[in-house]
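Here's a structure for you.
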Amino acid sequence: MNDLMPCGKQATMTSTKSALIQRLDNEIKNMSPLAKQILQLISLCAYILLASANCHAADVLAPNQVLHRGNGSEPQSLDPHKSEGVPSANIQKDLYEGLVCESPSGELVPGVASSWSVDKKGMRYLFTLRKDAKWSNGDPVTADDFVYSWRRIVDPKTGSYYAQTLAPVLNAEDIIKGTKKVTSLGIRAIGKYQLEVKLKGPTPYFIGLLTHSSTYPVHKASVEKHGNRFARVGNLIGNGAFVLKEWSIQSHILLERNPHYWDNKNTKLDKVYYYPIEDQSSELKRYRAGEIDIVEGIPISQMPWLRKNLKQDLRLTPYLGIYYFGYNVTQPPFKDNKKLRQALSMVIDRKVLTEKILRTGELPAYSWVPPNVANYQQVEYEWKAWPMSRRIKYAKELIKQAGYGKGKPLSVEIRYNTSENHKKIAIVVASMWKKHLGVKTKLHNEEWKVFLANRKTKKHTQVFRSGWIADYNDAFSFAELLHSNHGVNDSGYSNPEYDALLAQSAKEADIEKRRKLLQQAEKILLNDYPVIPIYYYMSKHLVKPYVGGYEDNTMDHHYSKHLYIKAH
Amino acid sequence: MAEVKSLSPGKQIWIRLKANRAAVTSMGLIGLLILMVLFAPWLSPFNGEDIDYEAIAAEPSLTSGHLFGTDSLGRDLFVRTMEGSRISLAIGLVATLVSLIIGINYGAIAGYFGGRVDAVMMRIVDILYAMPFMFFVILLMVFFGRNIFLIFFAIGAINWLDIARIVRGQTLAIKQQSYVEAARIYGASHWHIIQRHIVPNLLGIVVVYITLTIPQVILVESFLSFLGLGIQEPMTSLGALVSEGANEMESYSWTLIFPAVFLSIILFCFNFIGDGLRDALDPKQVK
Amino acid sequence: MLEYFFRRLLGAIPTIFIIILVSFFLIRLAPGGPFDFDKTLAPEIQANLNTKFHLDEPVYVQFGYYLKDILQGDFGPSFQYKNYTVTELIAQGFPVSVQLGLSAMALALLLGSAAGILAAYRQNSKFDYGVMTISMLGISVPNFVMAPILILIFAIVFSFLPAGGWNDGAFQNRILPIVTLALPQIAYIARISRGSMIEVLRSPFIRTAFSKGLPTFYILTRHALKPTLLPVISYMGPAIAGIITGSVVVEQIYGIPGLGRYFVQGALNRDYTLVMGVVVFYGVFIILLNLIVDLLYGWLDPQIRLQARKT
């Protein structure tokens, strides 16, 4: 297809499996010999099953191809340019199709574009659109549709939350700022089925970006006719494998097969239900009662029960995200006090946190960029390998040098937004600080919006919980977060050297050199301690054994068109 | 009958209350529980904050000393339950007192002065009755955070309306009594009459009101806890413990059972005491 | 009667105004706005969104806009659910909440008053204690504990009822939520009707009826029932309002598309218009409900009817 396609995905799949086996092995070590043998046998079987899950040619389809999916909260909108959040994106993946699509395992595959090429500098893409791609009313999907749609996203008048997704495209950022005209966007239709896209710099992850729902096309005629009400039942015309049939707010959204979809013959499901269920315990109960086939999130408190009773349905997969605590480095006590920041980070026993408290297979984090990111190799803290006792001793020395100790104990505040998980982690971190460094910690729980506002103004925060999930599979997605001008840099971290390295990497077309620049930047970042990496995220789902075509992948994207119901 | 008549009204009520076995048992239980909640944590070798990594979500056991087991963070559930009960009782008591202080004074003033003052004041109460208060409490908690005083205040502010109405009605009746007239003739100030003559006579209703409001307040707090708007860790309340426990009841049933039993006992007892008191006082007077 | 009705309605106008005022300023005092996300919007986009919803103007001007819209019966567009207006959302959610609330109340009224009346008739008997203790369980177990237990038993262990969802209001989807909502109300109503029945039984006209040798059932239903239900009726007004606004928990656990859930989500997401719409709508609803209860009360109790005419 394309030499820029990241090959890291493949590596991810295999490493997931080996991590699983590794974990099993660890558990086995603490058991009696007989139990060990049985378990090894089971794990072997599990592994064989896991491996054979990929060849599903022999599956017999159930006569009734209806899938019920839990979907977190109610989607804000089904307009791909005017929504935010995973629940909206999940449904939009079924209703629309971008230039590029993903396979069940997360590899990039052609979508509306049947092929594409890129020039040597990596700054000019030429997409060839498939001629059989149609809208759900039968209209052909053309290059002009993409030109219209992309201009719509970056147009400030649209008020799109994800306009920044197209930032790599030539002039996009100026248009978003309102300093350039919308028509100057670097996208051009060459005839009906050819699309030229110019970028402002080499962007190795650009093709990956095109799977993001904000780059999906919308049907010009119906948007112009219905305006704000375009994304509703009866008005919505999409180009995906499914069409919107019912939308009952806070109850369900029903999609049905789109007969005009170019690959309709390979779509197996006839109907897909999406249910907004915020309460994960409720979602789990409905799963157990057989009302839902795929669970969007698992309450971690139920994990032991699930491991015992529904182990075969559990799908725990690492995905590209980091859970971390940030320091507000613009205010005391953390301003200009690197030693203090380092000391607090070192004494957090991430292994205990992930293995004893979370128990959902999360990996402890000692770096900013998670493992398995395409074209990247992790940079980690050297003290990762130290035993806890040595880390604590070292940290005690540091905190003394930082000016705190017996006579002058440190008191800090951890802020977190409402969630069982965040609460637990904050409590445990506080207790580790208290135990090892005598730090007094106050916990401060806030509602999401209040929390965001306080985090952004950087006036009241000291230590705050945060997390980041990559929009695209590239280290830059994480690196840019701590650039001094980035909107989500809530630490207020600013290091000119770091910023310069990022700027340099954005101009670098050579993947090898680019990687080195980003690694160099991460080293500086880690050494400055503006953040405390805690663990790398896992996606957690329950999937009924009769759901076929479901594969774990690092982006946690699961298109309904790949799924089907096995006879059961 | 003659003997009873010679007793003071307080004693009469006490005798009638004693006849109500459910109420008496409840009073005994609540007394015991309060003592336990106040002093039992000292007997435990654990405190409610320390995390025992070796006993995460451990079952209740005598040998480990974790009588009620531990929660999913390895904290001793016995101590947590005691602390939670303490906070819940405190919220119930303080919020009820807040609403009492507002309600009694408001109702007494309205009833005592009567006329236009009364009309305006009761109109305000009518307006407030139409407020979807639960919504305002949720808004307050969402916006201004989990401050324990805010919880006291918010819940107290909802409940004062009922008591204001009751007290006003009572005051209207009491102020006709001859001793109030007498005080007025001797030139006592309005404030003096309200505080010295009217309010003390409302004691009976007030006691009933307290016992019936405390469980309601505790329930409201637990409801807020369920919505994730309750008290701030590491402090806890029975509501917070129970809603946590309800989420993990199949994995670790004890995290639900113990706090839920305490919560139910408290609610149960207060309701029975309230009912008993109401029966013991003349039911007509109470309404 | 009609005059009284309209006078009460007129009197409600300041009430509604105050509700609008308080909620409008309360929600705008809150930290964080509807367009704050963990990603930061480009300033130009933020500005455009603010202009679109008048958020760039002074608060009192915004309040003016809001009052103007609301007088025309328009609650505005929802900030959160971009393709819907608040009026549409309320029209979807309110019938669900009301149906659940009223069914639960009807169930509670039936069971609660029956239990209370019988308990009063056999005052201080074992039956009395038994009924009151069981009904007290409904008050003592919070509904967020009761609901998962009911689901576990009826949906998972015996699997003859759904564990959640609304399913366009199918009967089997309503049973568990209605029961969960009704349980505490059964207890309250049983207590109220027991107390009032005891009082009625002591009253001279009932004693007379008994002394005349009329059949017990006849006395209870024909003479005693109406006065017994009076306090229950006056309890119903606030209780119905409470059960509908308080069904947030039940709606959340069972995944029911009622108005309470919209409200909580709206408050968390700073969906100003939706929160305002729900609060104002409920304010009006509660006022109407209280009015209906008062009328009903007047119809049951002639004394009150006279007073109402006088004032």
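Brief remarks on what is shown
For clarity, chains are labelled A, B and C in written order, and residue numbers in each chain start from 1.
The rule is simple: a residue touches a chain if its C-beta (ideal position, glycine included) is under 8 Å from a C-beta of that chain, and two chains touch if they have at least 3 such contacts.
What you see is a predicted model, and the numbers here were worked out from it, not measured in a lab.
When each chain is reduced to the average of its Cα atoms, A sits farthest from chain C.
A comparison of the A-C and A-B interfaces places the larger number of contacting C-beta pairs at A-C. Inter-chain spacing, taken between the CA centroids of chain B and chain C, is 22 Å. Here the CA centre of chain A is 40 Å from the CA centre of chain C. Between chain A and chain B the centroid-to-centroid distance comes to 46 Å (mean Cα coordinates, whole Å). Touching two or more other chains at once are residues 142-143, 246, 250 of chain B.
In chain A, the residues touching two or more other chains are 281, 447, 450. Shown for chain C are the residues that touch two or more other chains, namely 30-31, 148, 152, 252, 268. Partner chain B is touched in their complex by these residues of chain A: 281, 299, 301-305, 352, 356-357, 418-420, 423-424, 426-428, 431, 443-447, 450. The touching residues of chain C, when paired with chain A in their complex, are 30-33, 35-45, 47-49, 52, 77, 80-84, 89, 92-93, 148, 151-152, 155-156, 159, 162-168, 252-258, 261-262, 265, 268-270. Chain contact summary for the complex, chain A toward chain C: residues 73-74, 76-79, 82-84, 156-157, 159-164, 176-178, 228-232, 248-252, 275-279, 281-282, 285-286, 288-291, 447-454, 456, 466, 487-488. Across the complex, chain C is touched by residues 22, 126-127, 129-132, 134-136, 138-140, 142-144, 215, 219, 222-223, 226-227, 239, 242-243, 246, 249-250, 256, 260, 263-264, 267-268, 271-272, 275, 278-279, 283-284, 287 of chain B.
By the touch criterion stated above, chain C contacts chain B in their complex at residues 12, 14-16, 18-19, 22-23, 26-27, 29-31, 129, 132-133, 136-137, 139-142, 144-145, 148-149, 152, 191, 195, 198-199, 231, 238, 241-242, 245-246, 248-249, 252, 263-264, 267-268, 275, 278-279, 282-283, 286-287, 290.
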